[in-house]
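Next up: some structures, all given as structure tokens.
In the two assemblies presented below, chain A is common to both, partnered first by chain B and then by chain C.
After this line comes the complex of A and B, so read on.
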């Protein structure tokens, strides 16, 4: 098999078809379109108004994986944007300047509404102000306060619910011409919760040895439907059922996680990873792990859209608006650093990982600022070694394959040494 | 006692500015047993509540140009701005050991996460991330904000061991109203007579206000204005500029001096925004927290850290400032890696460009030392403006 050829599972193919269908809907000219963000998105609410969900971060990722983001970022910088700022934003601005072509080859329509629901990232606010300059369409703000003390407060929840009732819903009604029906929302939320149960089962399946899934590189695919335009749909439920059946089959066969080149022959290292992946060299990056037999058993990135496993959150049809508020508040990067430390430390222990790897992203302060302290705290709590690499989201200038590989190899050696010294009992027992 | 000359007042302010051990604030705390000091970072926190709790609000604005950052660099990657690393450095070196609590306003993701680092490193300290609403409707954002202020009040009351009453807050509102009036008078005076109130001096005067109790700072500003008015200083042939984007990590003092030396009078700026955040007096009658909330929602500064719901009003603060201060141009100055300022800039430029307002952009860090390129850039800018004006 060629190294360029990627092994795709059935669920992978199904998801690809779902995403293509969503892009066709967005570019089809029949549905109203909202641009909004992934973390804590209000997909079920948008569905209540028959509005299609377009996610600029996903477009930036798609362009990065197709090696197109570099020229888009350069275009944005030529138009006056700084080298220093978020590259998702610049990839989006550059994409607009280059004709705004969707991954299906058709031009994106101008959005009918910008739903500025920013959770866990302050930069999102500036991003949509910039898009508003271009599109001059209605822009509705849902301000989600930062859960700085670890838990959402009643004041925060009430504030979000009030914004939903008094600002967001009226604007969506006006844009769409559809009257809000709370029972319709309840039904979508009921379906969300079903899919979320299977998502959590998938995440927790990596507690097994060998892990049947990779919860970072593979996790990026597994989380696709739930964090984008499908949460609350029957097809989302079906997707996670299918994924679960596939994983159950892998478990029954005793297979290791999949890699870009097929099933990993053996599982040598079990890692927890903090931070988003690099998208411009995604497969090369993944292979650096899989060729060493390193599987990621848990990652914070699979919680970037919302956290379901840490404290058992599920969308609740009994309390629809409050449930949306809790979902927004609970997004991983909307939780304070002590909570993030606790979450990762628990992952290290419960998933019997060998260590924590942090991929620090140059253009994502929301994730990156504070990661060095987090690493030290987690090492202190768990006694397991941490390591730090630096890349970027979608700017190819900031991915140095040699440096990353070198650091990873050193890290794996460090884990080996720790094992020999008896410092990583879990791994030694593997 | 005869009034101090302006140089003496400025020298005293400079001493406060350079003292990273915060001797003045330590003295204030030591003067009465049980006193507490609450640090806050830029851009805006309701200092009135802290003051009402009998505590000293202390502005923490980074380590400045001269502080060597050793430990702080182990906390932050190279692509993160400098203010959090120098702030951590100060905390680790014990320079903030007398500070009983820290407030982190909602500016950006870096400052937000710094609040978490504080929680991890200084577990015994009071830490409050202070979220301000981005929804400016009284019954929505206003209710949220008032409740946040009540939580702050109650937290400080617990820390201080005494109730913070509405009357306490009303009195503090009056103190800060008075302080703000004098801040505005200094700014107005500088705009009218920039040769008599150089920006480096005004900056030092405002920085002193981050350390001194507001009552003392007000007296200092009164004294400075009288002395500056009396001083005989020569007017230069400088152009008049508004400096914008400097609301958080502070530029080195030398940068401000360099801009002036190169031929630019800074007639308005967004340095020390906390002192000028509220644009009108806060009423001292009625519900004080409601009054503070309404002041924030309806009469507060526009900055990159705030959402502007009305696209037509985007950048209006800068245009108003250029007009009010009769400025010839704008200098956009942002700290490196500052998402809010750097992402806001293209939008603001698109508003001032059609009006023919000249501008330049510079980038800095609080420890930038090479001023020659900045001086050349701003000098060329000033010359160009003068040439245009003459034509």
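After this line comes the complex of A and C, so read on.
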């Protein structure tokens, strides 16, 4: 085993352990458990009440990568859920119907509270309505106004802070029996910001040529701790330090990004990707890129749990509740189309990408609506070519390898052709 | 001479285009893809080379040779047929050595011999001037004759028809997979020409001149300088990666070569539908294609034809007779059959339903194009479905409704668009 593989598995192993520990905590029976969503999750706040954080989307992803989501979705459809509904939801509902077993093999406990922070996805509300039906537990909703003008206003921020004070915190106090201590929150937020600095450093390391990381396929691993139950913890800080050291080493060695099969030998294409990945065929999907030497230098999905690079947001211990509000408001799916366009277009330019690739998810309205419009806009602004592929999140029926590969190949060749445009123009005239 | 070849491996047919260094098309070849792309590629390539020899021969003889050439083509096909028939006979006979046929060998040999002599005798007639053939593929022509004759021969010799059929089935695959080497083709052409010169009247070309011109043409080596593969089956070819181009790029470039003003291309193939935007150099700037399912592609039409128990090529002409175009809801292959049966049961006319289906397919195509960036003048329609007049009629209507008047190009050679683009890429790979 070569040295860099050992280094790679280091942060990988650490993360694996962290996830296992969190599942053990959730299923352990001693801690109170809250279900909540990744975008705009209030992990630091939950920690203030010693509540364990369970994320149904993450469970769906875990099940998809273990090839279990197909039967869960089928189960949910049998019980009456429509074919076109977000497959994270159906994987979750199906998992419940099949005994609600966590990835560690132990049954999930019923949640003590459902904490719904609504950030741009209406599906969330219906999802938790279904869970509330099932578990009959308290549900607290944090309504995050949609940033329709691109920028959150002071009003919006105040509105969220007010909800936190008057609805969210009292319910969490009641459920947990722990009194809210704002200094505890400040301390967690201070730690969040430290890890966030390293996260942004990682995201920006892909500005280099060759990029030492892939910010989509690799990125979804790297963002794991900060987007889930670890933001605000020491181990999260530690994880990103470790990751940073590993990447620094890759840079020193001049290595390209990693692929499922080791280091990519060369970097032929630099892409920006919009939309969630497909999880059921994750490795095959990744390979279609890495085999062509395509690296994703920036992606929007690595911002779904918080945008830290675009406008420099960090959690701020000086303004704890306000900064939680800003965080929720700034999540990618809560941003309007022009902002998303601007974000991606800037990524294309700043990361010197060859083009924009959109992976449109059949069952995710939140991401998919407007994607073609975005693509055209971004093409216009940057002059770089865009392309479109269609897959699904965790439904194995909606990943057609041949179809995706065909489009990707065409896209890569289209980029080649653009690069040689001068030469081909001459030949075309021949 | 240096030649450059593009091969488009479609799901139903495989096409080749051979060009010279100046990008002039010398020959085109087509064959059915069968299940073996490797063979299909070799056959179509050989066909393109044969066509190229004809082109060179025509160039050598000049305009006056048209009559001779068409007659030569016919006689050459006859020669090809006879040589394939001989191969088939040899292969069939070879199977008789199997221990399984120990008892019946003599009887089988006799019957096979009788059958082949008969077909051989008929060959002249099959390829007589003006004779209509249902298919140009050896398998189809020889197969149908063999079935007919073998049945009678078996009855006479009192041997089971099944056995003969079995031997034939095995042998035809071997024969089909064989591609004649250039030398054999040269002999076939020479023999063909001798036949033509002996029989054709008023060829207007001097005999000696023709023979020597053909000799010169046959002596030219058609060097395969570079071959590019594209299409559905391209990944199955034993080609290195650089020799493979996506069909989207090939169709875009091919359409540009046929109609340099092209800006939007619609290609409806057997498996997928593509909307492609190209710039003034034929470079693809954007594209979209159907997602996972093949709804609305050529295959869907095949499915409908099967469902109605008619030939694929009859669909268009029947739909042209429609008096009204009903709105068909489903372009889904799974539901279309059911909807079709329902509508027939309700008494709707077959031609009207078919017209509705064609419209449904085109609606879907229009939506794919609009996702790729809309329609810009000039518009070029390629792929097998472009041959279907009912499909073209619906497309024209929809384009006019949605985008107004514009130039719509459909080339009679549109089936070769992808291969043509491929040939251009082959040339560029060497020249650039």
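In the analysis below, the second predicted complex is superposed on the first by the 413 of 430 C-alpha atoms of A that agree within 3 Å, B and C clash if a C-alpha of one lies under 4 Å from a C-alpha of the other, contacts with A are read in each partner's own complex, and residues count from 1 in each chain.
What we mean here is this: a contact is a pair of C-beta atoms (placed from the backbone, for glycine too) under 8 Å apart; a residue touches a chain by one contact, two chains touch by 3 or more.
Since the model is a prediction, treat every value here as computed from it, not as a measurement.
Asker: Touch test for A:400: chain B only (first), chain C only (second), both, or neither?
Answerer: second
Asker: Just checking: does A:390 make contact with chain B only, chain C only, both, or neither of them? Give me first, second, both or neither.
Answerer: In the superposition, A:390 touches chain B and chain C alike.
Asker: Based on the superposed arrangement, let me know which partner A:159 touches: chain B (first), chain C (second), both, or neither?
Answerer: It touches chain B, and chain C stays clear.
Asker: Between chain B and chain C, pick out the one touching the greater number of residues of chain A.
Answerer: Comparing chain B with chain C, the partner touching more chain A residues is B.
Asker: With both complexes overlaid on chain A, does A:167 touch chain B (first), chain C (second), both or neither?
Answerer: Touch status of A:167: first partner only.
Asker: Check the residue A:372 against both partner chains and state whether it touches chain B (first), chain C (second), both, or neither.
Answerer: In the superposition, A:372 contacts both chain B and chain C.
Asker: Could you look at A:338 and tell me whether it touches chain B, chain C, both or neither (first, second, both, neither)?
Answerer: First partner only, chain B.
Asker: Between chain B and chain C, whom does A:246 touch in the aligned arrangement: first, second, both, or neither?
Answerer: After superposition on chain A, A:246 lies in contact with neither partner.
Asker: Residues of chain A that sit at the chain B interface in one complex and at the chain C interface in the other, please.
Answerer: Looking at chain A, the two contact sets intersect at 372, 390.
Asker: Sort out for me which residues of chain C touch chain A in the complex.
Answerer: Where chain C meets chain A, its residues are 22-23, 245-249, 253, 256, 272, 281-289, 291-292, 371, 373, 424, 427-428, 431-432.
Asker: Using the touch definition from the top, list the residues of chain B that touch chain A in their complex.
Answerer: The touching residues are 74-77, 79-80, 84, 104, 106-110, 112-117, 119-121, 128-129, 131, 133-135, 137, 139-141, 143-144, 147-148, 151, 304, 307-309, 311, 314, 334, 336-340, 342-347, 349-350, 363.
Asker: Which chain A residues qualify as touching chain C in the complex?
Answerer: 372, 376, 379, 385-388, 390, 398, 400, 403, 406-407, 409-410, 413-414, 417-418, 420-421, 423-425, 427-430
Asker: Applying the document's contact rule, which stretches of chain A touch chain B when the two form their complex?
Answerer: Against chain B, chain A makes touches at 79-82, 84-86, 89, 116, 121-123, 125-127, 129-130, 132-133, 136, 139, 141, 143, 145-146, 148-149, 153, 155-156, 158-159, 162-163, 166-167, 336-338, 340-341, 360, 362-363, 365-366, 368-374, 377, 390.
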